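Below, chain A partners chain B and then partners chain C, in two separate complexes.
Then we have the complex of A and B:
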């Protein structure tokens, strides 16, 4: 072994240094808590999606005539095909669960603040790419929800003034989602976007390791006192990522895999949340499913499209609202002018604001999933005018969602925030 | 002989011109790739007019005819449904189809019923919001989405509502009335979709 590594080391001297920089000599703060599992879990799901995805392409037929049947073939005839596909579909939903929690961690502990703006921006780009990747993957089985999902999402671009209609035809390569659409989505889903995703993940980690990890106290361990068991120049409150956090993350991986396995084996459709019933019907361009809604992870953003009324003869405002709701997240490091990172030491306004923001996200999500159409009549009686109730509810929470960013800017830039003193070192040390 | 002094101006000029020429090359090379996403010749060719007999459509009934892969609604409207149309005007975005919806129908269908013959509605059944196919709710009875429903269309995607002439109601996401295709009557009971009364396609 040592002879072999010496041989490699002579020919690639940078390899060992890179390994040490990012693993054994990457000193991460010692006070990571539960919230810090979701980064490594996202990486785990990404690997799962790539591996199961490769095996799915071996039996999938990317054509309007053959796609639906080939997916049924994978589910029924290919040995263990059902498992591989359910791992892929469950992985897609869990990817978003993990990424949403990972992003929320960033909000909790101010991980997007200076000097980690670039880490946050790269992370947001990953999120955006992931949304495109998930949408295109959703179209591939060519069920009726795939077809109408493709139609509705691509039509979002049709609301762009002047060039809208040409843009939609350009994206679809036809006047409706068709063979051409399916083929290009397949190419993007299995080749182009995964490459972009992997590149962004590498950059995200590289940017993180350059500035160092944040932690639940929001204290910069890198600029604190030096000297620990491993090195006199390393941060006193830092521990080597490997083996300490690799082993800690393994515990998270174990718990995560138990949950994932339970879903894959006992509830792969998750009651229509992860796989929709209408997608077991082949695509039909003359029949819109009775209830058309995106998969749960898009519903919050998608509800905004529905809640913004059209004006001046165009529905473009709703689409602007949806993209705006994501664009504002990109701008978060500059909207938040707070001097303190962690929610532990931030003002009451920030704590309440963040909770209300999360509540608005969940309410918009419920609206986008049509849960309100189910529960409003039950709670308020069946005689109510659902359209009006939905609009009042949805518009209120849409305003709250956007209002959070306005509030955050005013709260931090006008100096209204009263913060608590931040400790010199992380609160968990001997 | 090597130059003793570096001519920075010359170097900048060469860098800039190389970048510009290279940039033009990259943009030009991208054109075929971008154009390859447009509808192919085969997709463009598939779009002939469609002829449909109206004999078997009962009063109040709707049939759906595919034309250019789009669903075309044909409705045999009852006198009650037609009588309700003018009463909707103040609840509609563009009741006369002369505002935001002025391009949504041929001239010969720009009227209260949005049709050539009041009885027959011929319409592209695509919601003007994001392209779903709205559901036909022809009966005039209270609906969960509208207690004063006078018959029309309800889109399951984003809950847009249209009256029985495809005119959009206020307060919904769809901005315009649904599109009326070019069509004409070959005889009293046969309609051709895709070609207007004067033969224009």
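Then we have the complex of A and C:
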């Protein structure tokens, strides 16, 4: 140990131990595959959002009168401002891409099952916070889509019985999205929610490192045979996170950055999906955009709001449906009573069920993006009644989405699942 | 799990290929093939803009000096030929028409065009500039099939000439437009001129586009090299993991 680290060690005795516990002596299963890149990538994007966000904050003006102009100021007059802003906007969308894939990995390999329920719950809290963070960030440029998106999303709370209207005014601080709304969203977006996110990420990792990482075989390496090159008590199939997975993740980072750079430099609006055309028009409460729809990553949940019909004189059911669709994911560790973790050894019902569930998510997404309005007439002729078609399509896939959780509970708790034998030790496929 | 890669790639492909709703509404738009990579076209477009549009429309987010730099023009060229408002070289392009008068004359203040292409798409602007026709029933005598009852009189009429509408029999819907009085440009020349103008407005909506294309190539080349080295390093370390 060098003099310097000895000096540090005498004054902060836990530092070296913490580093070893989480890096060089954290033994991760050696059989991680492609799906295991997205956790570290999510962390990379989070850091990108914070760093670029700090620089944006230096030049952004959080007021209804100045916000839109200040974004153009960043795009045109601030040195490298365009790059910083595109890194932030592209990062926002890619954050959801990697988080969706990271969550799907959990479904593939049963990473939420015992003993990793807390890891999953903390991850779901991160997801929920991220949605709030993204929504508020989307309002800040104060374009017309920011304004109308804020109005529509906040008015969802207006469906809450009795207190709904008061709640909406309380959230916005006005009767419409206005200066007060923008100011508080700015405070939440740049201070409050990032702190919550960082705290949750630390807890997510701490909880993970306590129980150890799952892997594509769903085999518990911690409880398997012991003894590897580095330690006689470490799992035989575990390898030190650093340098093995730090280096492997570095390759993933490289590939990911190439994709991100391609978008940032050559397609920053991503054809209107990452930065929407209507947001190039300043916020205007007299000019309703032709179609008000959320950014792509919210569209599946937004579709559920739209598809759940009103009943008993209130549209609250749609909002309940949207929150329910997320709440069910929280409850997944208890809904799924499967005996094995990995999809490699689960019953056919689980495999088919999961694929249909993912399909329902994509179909709801397409509906929320209004892609159905474009493609149904092309496929089925222009004479069709689009509202009816959208409703039938959307309600069917909404039922499938919720049905998946019912199916999964029945399938696993009633013992219908026929699993394959799980190997004693992890296998190396790809 | 490598078998999922094509599926992911396909999903992204579909997303990119699917046009967003804002553009989808203008079905049957002409294709502008807009590009900011032809400096001569940008210069011609700027020339058209300042001769035909700048009297009423501003580009309030674009400075004369920035435009000169990006388009390869000198300060003298810009100040002598393009800037007729008396604004300083470093100031943004703001029309000298008072807003109150504009509202009185046209019913609305002519919109700032800095972000017109970002908001509507290059193809929309291009089509709009090609679909004006004479319509005696409107107060200004002009109408437009892309933006019905547009408040703007057709400023480029002396270039394109006069188009009139052929209606679908028994309806008030326009079937097609016919050039009844030729302008000073041939139809092909006029399309090229409007393409130049749209290219200039595309540039004005995002001047950074000129830079990001340039840097993008080098950044991606660097990242490719970085990834390759990272891959070899990883491979070296993982040699003994079986």
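Basically, the second predicted complex is superposed on the first by the 427 of 430 C-alpha atoms of A that agree within 3 Å, B and C clash if a C-alpha of one lies under 4 Å from a C-alpha of the other, contacts with A are read in each partner's own complex, and residues count from 1 in each chain.
Here is the rule we use: contacts are C-beta pairs under 8 Å (C-beta built on N, C-alpha and C of every residue); 3 or more make two chains touch, one makes a residue touch a chain.
Remember, predicted model here, so these are calculated numbers, not experimental data.
Asks: Taking chain A as the common reference, can chain B and chain C both be placed on it without clashing, or not? Answer clash or fit.
Replies: Aligned on chain A, chain B and chain C fit with no clash.
Asks: For A:268 in the superposed arrangement: first (chain B), second (chain C), both or neither?
Replies: second
Asks: Does chain B (first) or chain C (second) touch A:86, or do both, or does neither?
Replies: second
Asks: First (chain B), second (chain C), both or neither: which does A:76 touch?
Replies: Second partner only.
Asks: Going by the contact rule set out at the top, does A:24 touch chain B (first), chain C (second), both, or neither?
Replies: neither
Asks: Can A:290 be said to touch chain B (first), chain C (second), both, or neither?
Replies: Both partners, chain B and chain C.
Asks: Once chain A of both complexes is superposed, is A:254 in touch with chain B (first), chain C (second), both, or neither?
Replies: It touches chain C, and chain B stays clear.
Asks: In the superposed arrangement, does A:243 touch chain B (first), chain C (second), both or neither?
Replies: Touch partner of A:243: chain C, not chain B.
Asks: Between chain B and chain C, what opening angle does the Cα centre of chain A see in the overlaid model, nearest 10 degrees?
Replies: Once the structures are overlaid on A, chain A sees chain B and chain C at 70 degrees.
Asks: Which partner does A:216 contact after superposing on A: first (chain B), second (chain C), both, neither?
Replies: Touch status of A:216: second partner only.
Asks: Quick one: minimum Cα-Cα distance, chain B versus chain C, in the superposed arrangement, integer Å.
Replies: Scanning every C-alpha pair, the shortest chain B to chain C distance is 11 Å.
Asks: Shared contact residues on chain A for chain B and chain C?
Replies: 289-291
Asks: Any idea which chain A residues touch chain B in the complex?
Replies: These residues of chain A touch chain B: 148, 151-152, 155-156, 158-159, 169-176, 178, 180, 184, 285-292, 305-306, 308-315, 318, 377, 382-383, 385-387, 390-391.
Asks: Which bits of chain B are touching chain A when the two form their complex?
Replies: 34, 37-40, 43, 47, 64, 66, 68-71, 99-101, 128-135, 144-147, 155-159, 161, 171-176
Asks: Across the complex, what residues on chain C touch chain A?
Replies: Residue positions touching the partner: 1-2, 4-5, 8, 11, 15-16, 18-25, 61-63, 66, 114-115, 118-121, 205-208, 211-213, 215-217, 219-220, 223-224, 226-227, 230-231, 233-234, 237-238, 240-242.
Asks: For a test of understanding, state which residues of chain A touch chain C in their complex under the given definition.
Replies: Against chain C, the touching part of chain A is residues 30, 33-35, 69, 72, 75-76, 82-83, 86, 101, 216, 229, 239, 243-244, 247-248, 250-251, 253-255, 257-258, 261-262, 264-273, 276-278, 280-281, 289-291, 293, 296, 362, 369-371, 373-374, 428, 430.
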